[in-house]
Amino acid sequence: MSAVLQAVLQFPGAHSALKPAGPQARIAEGLWNSMYATAIVVFLLVMAALLWAAFRRRRAEEPAPDPARERRMRRVVAAAVGITTIVLFTFLVSDISAGRAVTATPGKDAIQIIVTGHQWWWEVQYRDSVPQRWVTTANEIHVPVGRQVAVELRSTDVIHSFWPPNLTGKRDLIPGNENSLWFQADSAGVYRAECAEYCGHEHAKMALLVVAQSPDSFARWLTQQRDTAHTPADSLTSRGQEVFLSSACAMCHSIAGTPAGSRVGPDLTHLAGRATIAAGTLPNTRGNLAGWIVDPQRIKPGARMPPNQLDPADLRALLAYLETLR
Amino acid sequence: MSSPSRSGCRRRRELLAAVLLAAALSACQREDRRFRTWPPAASAIPAVRQSELQPGPTTRDLTVRNEYGDNAWAVSEGKRLYNQFNCSGCHFQGGGGIGPPLMDSQWIYGSQPENIFATIVEGRPNGMPSFRGKLGNDQVWKLVAYVRSMSGLLAKDVASGRNDDMQVRSQEQSTEKARPVQSAVPPASQRP
Amino acid sequence: MSLTVPAVPHEPGRAPESAAEVVGRLEDTWRARPGLRGWLSSVDHKSIGKRYIITAFVFFLLGGIEAAVMRAQLARPENGLIGPDAYNQIFTMHGTTMMFLFAVPVMDAVGLYLVPLMIGGRNVAFPRLNAYGYWVYLFGGAFLYVMFFLNTGPDTGWFSYVPLAGPEFSPGKRVDVWAQTVTFTEISALVASVELIVTIFKTRAPGMTLNRMPLYVWSMLVQSFMVLFAMPWVASASMFLAMDRLVGTHFFNPAEGGDALLWQHLFWFFGHPEVYIIFVPALGFVSSIVATFTRRPVFGYPAMVLSMVATGFLAFGLWVHHMFVTGIPQLGASFFTAASMMIAIPSGVQIFCWIATIWSGRPRFAVPFLFVLGFVALFLIGGFTGVMIASVPFDTQVHDTFFIVAHFHYVLIGGAVFPLFGAFYYWFPKVTGRMLDERLGRWNFWLFFIGMNVTFFPMHELGLLGMPRRVYTYLPETGWGGLNLLASIGAVTIAVSVVVFLVNVARSLRVGEAAGANPWGADTLEWAATSPPRPYNFAFTPVVESREPMWQHPAELPAVEGLRTDVREVLVTTLLDAEPDSRHRHPEPTIWPLIAAIATAVLFITLIFTPWGAVIGTVLLFLAFVGWAWPRGKDHQEQLMIEAES
Amino acid sequence: MTGFRIVANVTELPTTTFGHRSPMWWGTIGFIVIEGSTLFICAISYFYLRRNFLNWPPEGVFRPALTVATVQAALMVLSNIPMAMVDRAARRLDLRAVRVGMVVCTLLALVMCVLRALEFEALNVRWDSNAYGTVAWAVLTAHATLLLLETLESLVFTALLFSPNLEQRDLAGASDNALYWYFLTLVWIPLYAIVFLSPYVM
């Protein structure tokens, strides 16, 4: 049924438990398919029995409780309960074995990522034995296809939940309790993860993209992310950097290679390389960026980004500068 | 048409309506989450006088009313900003250290909202930096509201509860109101 | 100076009083007091029960309006009807209203109305406590809604997870309002459960052994025990939360050794049984309706009773399945998976028994029976998804998505609200003396049934397609718009069906066909009373000799005489075999329960604003209970006796 | 309407019953279950939060002082003797003995309330210092609330015993009150062990 509905309604599949692209999601989908099929069969059987019981043709004068018939009914009911128990037990066994497979610990060569939930955005950090090579980004995870990714989940404020349905089930980010999960993308693509635990005003607009790419391009991406931001080359962008550093921007955001180093909001060192802004809410275009900077509360009411009334020229310069942060 | 008893009844009803409305408005003010509107007072930085001398006839300044002082959400936002912008780096959690304490009754540059606003925006000698241009007026007013709550200057149902942090001071909503006193320097006991 | 048992006013060999005489004196003794004050001091389980039902239904309508607003907002992507702040308050109000102010209270309310009638009693065991429970509930609900209209409605969900609901992330008084409302409703639910347990244990008609109790009475007994063991958890949890928020305790502050997961354990240890607390009475409705409309006793009485009891026990072993994504160890999770699947077995037993009953009976397709058939279909779907989400790997996919929203609406609307509507149609003639209209009833049923499926079936799909719960909007690119629009159209259908029901009630109250004492030809004792019943329920306490007393003796019930008629007196029987054991004084109508409830409300509401509220409230409450407990000395017979002896 | 056929007469039945024959006794059991659960939940929370600490009490916090609390615990156990006497006297409808016993027990309850106030001091920690303090206060406060309510109830009931409006069936109330008292005082023993003794062993 779901396949039919999907075909009719043309859903995109970047955020769907029914289009698995990783081992755990595939196991969950397998469970769903088998349970769904069983449920349909059982539902039809029980409803048929009910409707037959209700509407069957009756002889004019049937004796009400007839002992022999009651005994027969007892046998039928007992058999039905027995079958129910067997079906449930089968579910239980298959579920437990599936659970084992899903929670198996990741291998040693898994990529380690730390995801920290904030109201209402995701901080992402790739650690390395050399602290200078740490990479901090936001609202976007890049992973190589076919390799396990171990994610450490933390929260600095309230409970969030990390959930890329195409790849794996969700896991909560609970302050004071460290959690972790792992996943693996089997095919290249962009998968969406929505926050799945109610976390306040903008719970609806707290998404993250998982970009699965070939190992080569992932390696290139990671190297590039380790760079600090380029020094502005022309007068417009250097004016933009000045605006950034002298206005409220620098109070919350950091750009590696500049004095801006605050960790309150997302790291912007490679902002222009990301696909979205405002935690998966808007495509990262110049117009959207301008709207977000000037009046963020129209887009995400309650978000922590304050409105910025910039002089039009300054805004233009700032945008030009931000666009250089590849 | 309107007999005395009926008009009396109506008056009572009006009175009731007025009381209910007042209750509603006060609750609204405490509970509002205004994401986009700014308090009127935030439209311009009030010029707070640094000197007693003034030209022409002696006039008094209009006190600026910070509506965020009646709004629990704005106060808690102020508390968040206080920690995020590292006010606690100098003032700690109100007990003072490098900067003067904020949870006592002693005020060097005045306890009125506009005084605190000026202190944050203009900065003060001996270490208080100026945040002009770094913060939106809106954020400053939230900070002002929170700073006042630290010494019990706001209503208790507006002031914040404890944070999910280490316990270093009793929560703002349990702080007894301390009558503000003008003082040139912090009292000796709290000087570092 | 020891006291002796008083001489009983009994003359051996006296001719039995005529029934008319007894009824005349009972009418005098049990008459309701006139005027507003009389109304406020009523302790009759029927008037309290009716108020309770109507109040709960008003909350159902309010919760429904909130649901409609949410469906309007979600009908299309990036809708600007309401913003996140309003939406969050509304979805919290919807959940809180439906769970705490509608579902549990309405089940208690119907039970408090019906149980004494069904067991042949005159009233509940503690009538004043009953009145107190109602007033506390009314004040709690009214308080929540007044605060909501003052923009102080809670906005952290009906589950109020910390730290979001804690002092740092929920400033102001919104969550305190939630916590106190919960406390109010817990008090009333606990009071009702003690009330029902003791009523069922001690005031059954002579001869109604446990083995002859109607299945509905069994269901209320199981439900009451569940309330007794489940509600203290949420009452304690909400108290902890209030303390964290008001006086700065650290129950849930990880930095000082508190724990956010403690809240979830406490909440769900209540929250899971809560679902069954709502569902088990519905099983009782279904059994009553099935028996009456198939004209035979429900098949497998012992199996039905045992499966209800088993449901009651198992319900306490499932709470962790609400926490599968918090990172609990796999072995523990497997235990809860097993328990969650096992609870489907008793439900299966019941459904099979009902089908057997229907098969071997002679069904009449009146509206109550239609609602039962609808119940079976919807509850099956809810039950299947329930078994699915007991599986950890699958649950991690659909947890906190619209799949869960679909699941529990199938369970709660299909499993509890459909039987409840069936019960409304079934017992309406008993309560009002008039029948509800069948034709409108059919419209009501079919619109509700279709609307329910159109609203909630697409939500399964939405959940699998990744739509999380509790979102005030969604982006157009997600592609969730079509199914959401469909769900919103279904919500309109449900709203229309509820309007049809209201019209039906309003019309039938005025021009409905007059119902006799037993319009459906049913089997249980409440149908022996007049419709509506007199304040004393039965002129004589009936004696029960089988599970279906009204089928056994349709014309003339055996009964006992000898209870005093000059004062309110009720018969107390033994727990297991219901043998007559003692005569028990029934309190007169009194205003004190209302005053005590006002004092309780003052205590809880002022506590939000000042710790002194505890002192003020306790003093008021103390005064109220002194007034309540102080004897009025109405009955000289007993009093003189004790004075003579001392 | 269905008619009635009289098959028995209940006039001879008593109007005053004790123990499980009385509905009020069952009501009291119901409230004992509710309040017992509440105390149990506080105790569970105590052990749940214990897991978050290396030391218990956490470093820098003194252990609770034992003197007052131990006296209190002993008093609670011993108070069951006069209360059991009240219970028995009520069952044999001995009004004078019930009066004397209830006066004694009410005075004992007042003493316990005073001791309880001192016990809070003896915890040596504030409720808002850390989760240890919080949960210790919670256990103590939950029980203190019940103690306070029971004291007030005993006061009212004792006054009632001297009222001219007293009826025979009110004596059954003395028995139910005794049942609640047994619960209230005996449940304190494990709670005392948890709050005051366990910091010395955990």
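Going by the order they are written in, the chains are A, B, C and D; count residues from 1 in each one.
Here is the rule we go by: a residue touches a chain if its C-beta (ideal position, glycine included) is under 8 Å from a C-beta of that chain, and two chains touch if they have at least 3 such contacts.
Fair warning: this is a prediction, and the values are worked out from it, not measured in the lab.
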Higher number of C-beta pairs in contact (A-C or B-D) found for A-C
Centre-to-centre distance between chain C and chain A (centres being mean Cα positions), rounded to whole Å:
38
Taking the mean of the C-alpha atoms as each chain's centre, how many Å separate chain A from chain D?
52
Go ahead and note the Å separation of the Cα centroids belonging to chain B and chain C.
47
Shared-interface residues of chain C (touching two or more other chains) are 83, 85, 163, 168, 247-248, 250, 253-256, 258-259
Where chain D touches two or more other chains simultaneously, the residues are 128-130
Could you pull out the residues of chain B that touch at least 2 other chains?
33, 35, 162, 164, 167, 170-171
Listed by label, touching pairs are A-B, A-C, B-C, B-D, C-D
List the residues on chain B that touch chain A in their complex, please.
33, 35-36, 84-85, 133-136, 138-139, 164
Chain C partner, complex, touching residues on chain B are 23-24, 27-28, 30-33, 35, 72-73, 75-76, 156-158, 160-167, 170-171, 173-174
Per the touch rule above, chain C residues touching chain A in the complex are 83-85, 88, 156-157, 161, 163-164, 168-169, 254-255, 258-261, 295-297, 299-300, 303, 325-327, 330, 333-334, 337-338, 341-342, 344-345, 348-349, 351-353, 355-356, 358-363, 365, 373, 376-377, 380-381, 384-385, 387-388, 390-401, 461, 464-466, 468-475, 477-480, 482-483
In the complex with chain D, residue positions of chain B that touch it:
162, 167, 170-171
Touching residues on chain A, where the partner in the complex is chain B:
175, 201, 246-248, 250-252, 264, 295, 297-298, 301-302, 306-308
